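After the C-alpha cells below, expect a handful of questions from me.
By written order: A, B and C. Residues from 1 in each chain.
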Amino acid sequence: MATVSTTSLQTADEPGASHVPIVAGQPHRFRAFLATIASNRKAAIGVILLLIFGIVALIGPWVAPYDPGQVGAAFDLTPSWSHWLGTNQLGEDVFSQLLAGARPTIVYSVLAGLIATVISCFLGLTAGYLRGLVDDALSLVINVFLIIPTLPLLIVVAAYANALNLRGGYIQTLVIAFTAWPWGARVLRSQMLSLREKDFVLASRVSGDSTFRTIWDEILPNMISLVVANFIGATLYALLFGVALQYLGLTDESQVSWGSMLYWAENGDALLLGMWTWFIPVGLCIALFGTGLAFTNYAIDEFTNPRLRTQKVRRRSGATSVLAVATPAMLREGDDAVVA
Amino acid sequence: MKFILRRLLFYLATLWIAITLNFAIPRLLPGNPADIIFGKFRGNVSPGTLRALKSALGFTNQNLVGQYFTYLWNLGHGNFGLSYSYFPASVLTIIRQDLPWTLFLLGFSTIIAFTFGTGLGIISAWRRGSVFDSTLPPLMLFLSSFPYFWIALLLLYVFSITLGWFPNAHAYTVLNLSWPVIGTVLYHSVLPAATVVLTSTGGWLLGMRNVMISTLAEDYIVMAQAKGLTDRRVMLMYAARNAILPSITGFAMSLGFVFGGLVLVETVFSYPGVGFDLVNAATNDDFPLLQTLLLFIVLAVLVANFIADITYVRLDPRVRAER
Amino acid sequence: MPSLLEVDDLVVDYLTPNRVVRAVDTVSFDVRPGEIVGLAGESGCGKSTSAHAILRLLRPPAEITSGQVLFQGQNLLAMSPNELRSFRWRNISIVFQSAMNSLNPVISIADQFLDTFKAHEHVSKKQAMDRAAELMTLVGIDPARLKSFPHELSGGMRQRVVIALALSLSPELIIMDEPTTALDVVVQRDILQEIETLQKELKFAVLFITHDLSLLVEFSSRIAIMYAGKIVEFAAAQELFLRPQHPYTVGLMESFPSLTGPRKALVGIPGSPPDLGAPPAGCRFNPRCPRVMNVCRSIPPELVAHSPEHLTACHLYPSSLRVA
C-alpha cells in the first residue's frame, strides 16, 4: 500500500477544535483577556470587586468618620446614624475600623503574595529548567513544605517571633510568604518542564541563545498568565492566613486590621452580647475581597484553558494540562464560565 | 511497589526534616534558646526537674551533635518534656488525651465533605450548564472564600447562642463509654463539623467538576456511549472512576490546609483537640508543648497522605505497573 | 438490493460563538448489506463528523441540523434516547482511530466486554466471559489477556481488542474511523488483513473512513470521496480508479506512484482546502480546479449519475440520469 499519498491530504484540524493557546505577543493577549472579562459575568464581578476594595484600601483611613483607634466612653453601642456599625467594647467606631483596617489587611496580603510569587517563580523555574540534582533537591523542599500543614507551622513560627518581640505586620508578611511559595513553585515547575521540551525552545537553544535569553524571551511569555494566576492565588492564601493569625492574637493586635477586629470581637464577647455588627460585616468584606481574587483568578484560568469553557472541545492526545491538576489553591478557585 | 516505597521514603524524610527543624529553630533565633523556652519554668520547678526537662528537648551540656542525638533519643522514647501551661502534666499525656478528639472531628467532617463535594461535583459536571450547575458551584466558591473561623463564629452565633439548638463549647458533657454519651459527643460535634463541611465542600466540588469536565472530553467516553451503555454507568464507571484519581491526590495535598482550618474551628468552639492546645500553647509561650504538637500534627498528615497513596495505587492500574 | 444504511442530505454544523461552520453539507450516500464502502478525504473534510453523526455521537458545539439517517428503514435521528441506546452497538458499532484512547484505562479488558453484554443482553457472567474469549481468539489475541489493562497491551493488540469489541454483538454494520492511522505500517497491514478476513467470514458491512485512498482501492467495493463537507464522487472502486471523473479525484489518483508503468512526476493538488466557515461560492473546489469553468464559480454542482452507479458532483459531468 502506498504511503506517499498521505502527504497531499494531511492538513488542518477538524473545524471547531482548539487548543491551549501558546500566544506570542502581549498586546493581542491583553485585549483578548479584556474580551474574556467583558463576556464572562464571573470574571467581571471579580475584577470589579478587586477595584472596589483597592479603592477602599487606598482612601479608607481618610474617609473614615472617626479615628479607628480612638477609644471613648461610648462603648457597646448598637448601630445608629452617628455610628453606622456601632462601637466596640472600647468605644471605637466599628465602621471606621472596617474602612481603615482594609489597607493593612489588603496591603499585607498583596505584599506577601508578591514575595511568594517571586520566590516560587525563581525556584520553580530553576528546578524545572535545570532538572537533575538541583531539581531533585528543590522538589524535595517544595514537597516537604507542601505537606506540612501551614497554619500550625505559622502558629509555631509566630509564637517564636512573639517571644522575641517581633510582632510587626511586616514580619507576619514575610512569614506567610515563606509558607506560600511552594504551591506556585510546583505548578510553575511542571509548566516549565513541559515547555522546555517544546520545539521553539529547543530551536532557541540550538541557535545559541544563552540560557537566560531562552527563558526570558521564549518560555516566560508563555507562562505569564500562569504566574499572574499564581500571584492572585498566593494573595488569597495570604489574606486568609493573615486574618487567621490576627484573629488568634498572635500578631500585633493594636494595629487595626480586619483580623484584629475579629480578635477584639471575640474578646469583647460579641457573640454573647449579640453585637453582630462587630464581626459579620468584617467577615463579609474578607469573603468578598477573597471572592474577587478567586473570580479574577479563574477568569485567567479559563482564559488559558479553553477546555473549561462551556463550549466543549475534543482533545486529540491524552495529555492533561497542568491547570487541570487539582491543587488546593485551585480547588478553591477553579471553575468554569456560566453559559453566556 | 516502587511507587509506595518512594512515597514512604519521602514521608520519612519529611518527618526527619520536621524533627530537625524543631530542634534547629530555637537555636537559630537570636538570644539564648534555653531562656526563651524554659524561662517560664524558673521558680516553679526544682533544679533537677529543670535539668531533666532541658535534656528532654536536647538542651544539655553536650555539643550540638550530642544534643541532637539526646533529643532524638528522648523523642523515640516518648519523652517530650512537661507542658508549661498545663503544668505539671507531661506533654505526652496531653497529646494522648486530645489527639483522638481532633482525629475524630477531622475524619468525620472531612469524609462527609469529600463525599458530598465529590458527588455534587460529578453531578454538576454531568449536568453542565443546567440550573444546578450554574448556581451551586459559584455559591460554593463564595462560601469557601469565607475564613473557616468566621463561618464557625457565624454558626455559633446563629445556631447556638441565638437559637440555642446546639451547645456552644467543648466536646462532651460527661465522658464515659455509653450510648447517651456518644450521643452528646455527636451532638457537640455537629457545629464544628458543619463548619468544616460548609467551607471545604466547595473545594471538592469545584475540583471534581473540573476534572470531570476534562475527563468527559476523552474518547473512551464517546466509545462508552457508542456501546450503548446507560448514562449512569458511563458517568460513574467511565468518567468518575477516572476523574476521582486527581481528586484523591488533591485530597492528600489539601490535608494540611484542612488541619489548619481545624485548628481554628477547635479554637472557636473550645473543642478539646490538639488544634485548641496548639493555639493556647502559642499564646502562653508553652514551647515544649508547642513543638511536640506540631510534630504530631505533621505525623498525622503524613499518615493520612500515605493512606491516600495506597488508595490511589489500588484505584489506578497504570501506577501499579510502574517499573 | 435495499440499502442497509442510507444517509440522506445530512447537514452538520459547528456552532462556535463567532460563526457557524458547516462541516457536513447535504451529504448523501448508502451502504448495502455486506459491502465495504470507503469514505475518503483530507483531514477536516467532514468524514469523521459524518461517521459520528450517524450514531449521534456528536457533542456540542456540533449539531445535526437536518437530514435523515435510515438504517433498515428506521430513522436514527428520530429515535428516543432509550431506543438509541439499545440500538447502538447491536446494529451499528464503531472503531475509533486511537484504540488507546477508546479504552477505559482503569478497568480490565474483560470488564470492557462485560459492560457491553450487560447493557444489551441478559447473559450470565460465565457466558459473557466465554463469548469475550471467543472474540479475542477471533482477532488473534490470547484470551488470557482479558485480565490485562489497556496500557499493558501493544498498539496493535489494542486495536484488535477494539475490533473484537466492535464485533461483540454481531452488528450488521461497523463504522471504522481511520482504524490504522495511528499504527505503524507493518501493524497497519496486519490489522487490515484481519479486518478483511473477518469481514469475509462474518459478512458485516463496513463504512471505512480514511485519508489514505490507496487503502480503499484494494479493499472496498464502493468509494465516496469527500471534499470540504460535500461528497464529490461516489462510485465502485474499480470504476473510480480507472475512470475518475471529478478533478479532485483525478488529482488524488495522480498523486500515487505506481509500481508498474513508466516513471512520472508526482503531482500534488495546489492550494489548500477552504475555510468551512466561509466556503467559496459555487463549487467548493473551484479555486484549485485545473478545469474550472465560469459556472463553477457561481452554481454548486449536484451529485448526479453521469453513468450508472457512478455519481459525481461536477459541472463537467451533467447528469443523464437524475438521482434524488
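Here, a contact is a pair of C-beta atoms (placed from the backbone, for glycine too) under 8 Å apart; a residue touches a chain by one contact, two chains touch by 3 or more.
None of the values given here were measured: they were computed from a predicted structure.
Of all chains present, the one whose mean CA position sits nearest the global mean of protein CA atoms is A. The count of contacting C-beta pairs peaks for the chain pair A-B. Our note on geometry: chain A versus chain B, Cα centroid distance of 22 Å, whole angstroms. Note: centroid distance chain B to chain C, computed from Cα atoms, is 54 Å.
We define each chain's centre as the mean of its Cα atoms; on that basis chain A and chain C are separated by 49 Å. In chain C, the residues that reach two or more other chains under the touch definition are 59, 101.
In chain B, the residues that touch at least two other chains are 218-219. Within chain A, contacts with two or more other chains are made by residues 312, 314, 318. Chain A makes touch with chain B in their complex at residues 42, 140, 143-144, 146-153, 155-160, 162-164, 240-241, 243-244, 247-250, 262, 266, 271-272, 274, 276, 279-280, 283, 286-288, 290-291, 294-295, 307-308, 310, 312-315, 318, 320-321, 324-328, 330-336, 338-339. The part of chain C that touches chain B in the complex is made up of residues 52, 55, 57, 59, 85-90, 93-94, 96, 98, 101-108, 115-116, 119-120, 149, 151-152, 165. The part of chain B that touches chain C in the complex is made up of residues 218-220, 222-230, 233, 237-238, 241-242, 245, 315-318, 321.
Those residues of chain B whose C-beta lies close enough to touch chain A in the complex are 10-11, 13-14, 17-18, 25-26, 29-31, 36, 128-129, 134, 137-138, 141-142, 144-150, 153-154, 156-157, 161-162, 202-204, 206-211, 213-214, 216-219, 246-247, 249-250, 253-257, 259-261, 263-264, 267, 275, 278-279, 281-283, 285, 287, 290-291, 293-294, 297-298, 301-302, 305.
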